[in-house]
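What follows is a pair of complexes built around chain A, which joins chain B in one and chain C in the other.
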Partner chain A sequence: MNLRPYVSKLDWQKHLRNPRTYGVLEILTYLWRTGPLDAHRKAAFRWGLQLLRRAYRRERPVVWTNVYTPPELIWALGGLPFMPEVAAAVVASLGSAPALLQAAQSAWYSTDLCSFHRCGLGLALTNLAPRPDVILATGHLCDGAVKFLEAAAEVYGVPFYVLHVPYAGGVREVRWLAAEMEALSRELRPLLGGDERLRASVARNSNLARRYLLEINELRARDPTPWSGQEALTQVAVLFMAPGTPGGVQFYRWLWRALHLRVRLNRPAIPRQRFRLLWLHFRPYYPSPTLSWLEREAGAVVAFEEVHNVTWDPLDPHAFWSGLAARMLGNPLWGPARRRAEQVLHLVRRYRVDGVVHFAHWGCRQSNGAVPLLQSTCAGAGVPFLNLEGDCIDARNAGPGQMLTRLQAFLEVLEGRKSGDHGRR
Partner chain B sequence: MITVGVDIGSVTTKAVVLVHGQWGGASLLATGADNRGSAEAALVRALAEAGVKREEVAVIVATGYGRINAPFAHRQVTEITCHGKGCHALLPQTRTIVDVGGQDSKVIRVDDRGRVVDFVMNDKCAAGTGRFLEVMARALETDLGGMAVLARGARASVPISSTCTVFAESEVVSYVAQGRPKEEIIRGLHEAIVDRLEAMLGRVGVEPAVAMTGGVALNRAIVEELGRRLGLEVHVPPHPQLVGAFGAALIACTATA
Partner chain C sequence: MDSAFVDLTCSYIPTEVIRAAGFTPRRWLPAAAGAGGGLPQSLCCYARACAAGSGAAAVFTTCCDGMRRCYDLRALRGDRVFILDLPRTAHEAAVTYFAGELQRLADWLADLGGRPITAASLAEAIDPESRRQQSLLGMAAGASVAEWYGLLLKGWTEPSTAAHMKRGASCKPIRNGPAVLLTGACPPDSGFIAAVEESGLRPAGLDFCTTARCSVEPPAGRDHDPWLALARAYLAKPPCPRTADRARRRAYLEQLLDRTGARGVVLYAFKFCDHTAYDLGLWRTVCRHRGLPLLYLEGEYGARVPGQFLTRLHAFREALKA
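== the complex of A and B ==
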């Protein structure tokens, strides 16, 4: 469903803040006819609308947080999670990021900083996003996220909390982080109201979604792959916010059914799959031909992307906080870069990819800092590696022609390897 | 079989005609604002030089940043692959190619068959490209040929600290105002370009023999400075600015229309 032409014609800022907008859009989704192959898209869209409607209506206290904070934490605390970085991607996809980036820039937010954060701060400065009751940042992965969320807390004048996450994770660190979360839940209970029953329900929903996600990842190892990277990197919003809710379970159940059916009916995501790629980090979310050209025209399907890699165990409701702590500490993007490189190598083998593309998002220190090690690890394994420089949100930081030339040249390298004797798979 | 390679670059458009795999003719003209028109003109001129009629051409391959603006082409291949193929055909011992064009620079590693093994391109700004030299030549009121001569004759160099072309131009203007010798400023500019190329070479690794292609390869000062840094001779094929178009024409020989 392409909403872009309609959004540009509306006084969208006024309507964006009105919960009724999301109610009306939700009703309209009943007119959206889907079959079993794409019902998950409607499920994701509807879930997103419901979340926004609830947040703007302030049905529950709204907790702003950064991506990679397990959403189960916020749901279990009793809040509604709102991730400005996810909102930035949605806004960018509607072509509306430039005004928000400009707002952040006018408020001393340098263009050298991550555009997810600049756009997120723009949402706060223009008062477009659901107003937070609490802002909670987690210190793993990205220091820039902590700083911009602190700036947002200043804008709104709301309490700001930081979960300090140790760099490397062992039993002692898990215990330490779990205790920190437990103390936070006690402190926030009067405001958010989370309790043991809620934690049990969140754990149950999270584990169900995880089980479906594991099945989905298994199906994606098939050749041809049933899911496109372009869609997977769009639906990452669900992964960041929905697990722990019935909506999250429903989405992954529908997605599993769709992919299962596609495999059974031999209806792959992309009809002609010449190459399989592993995608690291995110993609451009503003209107850009990059991914569709890569997958649909050049036939290089993104077989898997590291963000969907399930590296965590099921949650035990009786050890809820330590389960979440272990998950955060076990994130391959956090801690030593060597751990991420090993996971990349594991995914290369599991998904039998021909090459690896790291999307080097402008200003992203946490991901780009690992590139030398990722490159040398892939080179050591004989896997071609492309560091594709660009920007996920700010279109001004990336020329589409430059990106397409790099991608096309990379595919020509892969083609040369396939036509020669040294191709692998 | 007659094949043609057309390389539509940001500054110049080139075409090379091959008749049964042998050099037939070539053309080189300024790209200007009309990519499509320049591509067509380059094709027509190269065919005229080769004495070949258009209907006799079996396959045309377009390359360069404007490759999508050649509707007559049967295939589009990136300049990375074309420079690899073309340079390897001219200098078969080449394993590392440094191509510096008008708006970007690349380092390409090829195998013993001229197939690209790895490559790296400059980042988004124009520093370290032909455009950088053009802007600086204008600021110093000289031409590209004159810059190379002056750089080779300089006894010292003025360090250029800015990596951005616009800021570097301001820096150059300041040095001129300070009365620094023009040849030393120019030498500093050449070294700034080679700094960038050296970093790119470090990324993909240097395997001899090293060759340089693209319009900037005509600048002996850059070629010599790069060779001095690498401790290797940097080879330059004949007509280095035509190598991409030549490679495209070679690829056309193996392609079907």
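== the complex of A and C ==
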């Protein structure tokens, strides 16, 4: 369903802020006939529309937060999570990011800053996004997330909280972070209303979704892989926001069924799979031919991407906060970069990939800064590594021609290794 | 000889702990990184410069993504490095956590061959170290600010020399130019301060991590535990742009402006320093509120001051005089 031509003709800003827009679109999704192979897409789309309708209608207090904050935290607190970085990706996919990036630039936000964050600030400055009641930043992953959310809190004049996530992940740190989250939940309870019953329901839904995700990841290890990386990297939006809700469970259940069926019928999403790749970081979300060319034309399928790796244990409703704390501390993208490098090697082996591509998003210091270590780790293991420079949101920072040239050269290396019998197969 | 030194990359690392372990702390302000420093060019130039070690052990903090990655790179090379997790706020739980981090630092220093630190030995190290810091910050009154700043940097980076004891002025301080506050997340070299003075502006205050933000109030008697006292004192020191307590940072900036009587603000940033880039928003708000002009300059760590800076500083002075 390509909405782009319609969106460009509408006074879309006005409609974007209107909850009825999402209600109408939700109704229209009933006309969208899907089969078992794509029912998950409809589930994801409908869930996203529901979230936006509820947020614009202010059914529950809206909590802005950054990606990699476990959404279960916000759901359990009683809020509706809204992640401006995810919204930035959606806006970019509709081709509307430049106006928001311009809004941020006009307010003196440097073009050297991460475009996810600049676009998120653009959403705040233009008052397009659902207005937050509270903004909560978690201090892991990157500095930019904390600072841009702090700036957004200033724009809206709403309370801003930052949850410090310890750098190391021992028992002391888990206990400390769990206590911090518990204190936060007590403080926010009058506003958000989270309680024990809600936590139990969030834990149950989260664990169900996790179980399906584990099985999905198992299916993706098959050769040929049943899912396309392009779609997987789009559906990270669900991973970031839906776990902990019935909608999240529904999406992963449908996805598991679809992939299971694809494996059974031997109908992979990408028919001709010459190479298997591991993808690090995200992808360009603006209209770009890169991934489609890579997978469909060049036959180099993204077998797996690090973001979907399940690194956390099921949540125990009776030890909810320590479970979430352990999950945040166990995120391989946080802490020393060698943890991420170890995960990369683990995924290389598990998904039997031919090469690793790191998408070097402009302005992402934490990920790009780890490239020397990732490169040397992959070189040590004899795995070809490509650092593909580009931008996930701002098309002006990336030349598609240059990206394709670099990918072509990389595939030639993979081809050479294969013909020299150094490959996996 | 280098084994006696411990290089520090952030002003939130308590030098008292390093002294108590029997090492000499020194601020690590290396030469600018070349193209092959090891970290990508899209990281801040100070972080890239710190990727080159001096041979001494080094302590990093989680102050920014660049420094974290610099730590990773140096750990990969087998350098003796430690990373201290730094909270962004100064509330009670953060103080407790940071005190635990300081004890972890002490354990690492002991592993390096330092003296084991007890509560008593730490308490003993606090006062002399506070005095040393205050004497550095208060030295060389009467010199030009650039000269004072140069001596101060020498005092931080070469603590074994008596450079910080040098008194007197070799050039006259500027008394007549419009007073400006110089600020930024990272430490500029003295050439930048000299360029400000050359352009006829009078630096009435320097808000950098090598100047005003080094000023740590000696721990008061509230905590019996010296670890807690030290953690509290450091988290309560003048907040840097990295902290996530905007109200506190804003109050600090307002106080700085009141104290210095600055008629304008020069915000100096290193390219790709996200903290300063976001601090610009706060400075704009503060300056707009007070009707003060703000000049934003973006440069590179350790690079010569570009001619364009002088032109812009001259123009800023003219604007202040008008």
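Some points to look at:
Rule of thumb we're sticking to: the second predicted complex is superposed on the first by the 423 of 425 C-alpha atoms of A that agree within 3 Å, B and C clash if a C-alpha of one lies under 4 Å from a C-alpha of the other, contacts with A are read in each partner's own complex, and residues count from 1 in each chain.
Definition applied: contacts are C-beta pairs under 8 Å (C-beta built on N, C-alpha and C of every residue); 3 or more make two chains touch, one makes a residue touch a chain.
None of the values given here were measured: they were computed from a predicted structure.
By the touch criterion defined above, A:A398 reaches chain B but does not reach chain C. Using the contact criterion defined above for the overlaid structures, shared-chain residue A:L255 touches neither chain B nor chain C, since it reaches no partner. With both structures placed on the common chain, the touch criterion links A:G416 to chain B but leaves chain C unconnected. A simple residue count on chain A separates chain B from chain C, and the partner touching more is C. Legend: residue contacts after superposition of the two complexes on their common chain; A:P384 is shown touching chain B, with no touch to chain C.
Within the superposed three-chain model, A:R406 lies in touch with chain B and out of touch with chain C [touch as defined at top]. Residue contacts after overlaying the shared chain place A:L25 against neither chain B nor chain C.
Of the two partner chains placed by the overlay, neither chain B nor chain C lies in contact with A:I135.
Of the two partner chains placed by the overlay, only chain C lies in contact with A:L113; chain B stays clear of it.
On the side of chain B, the complex with chain A involves touching residues 65, 77-81, 104, 113, 115-119, 121, 123-124.
Interface residues of chain C facing chain A in the complex, by the touch rule stated above, are 38-40, 42-44, 47, 62, 64-66, 68-73, 75-76, 83, 85, 87-89, 93-94, 96-97, 100, 242, 244, 246, 271-272, 274-275, 277-278, 280-281, 284-285, 296.
Of all residues in chain A, those touching chain B in their complex are 384, 389, 397-399, 401-402, 405-406, 408-409, 412-413, 416, 420. Interface residues of chain A, counted against chain C in their complex, comprise 107-110, 112-114, 137, 139, 142-144, 146-148, 150-151, 153-154, 160, 162, 164, 166-168, 172, 176, 179-180, 183, 336-338, 360, 362-363, 365-366, 368-373, 376.
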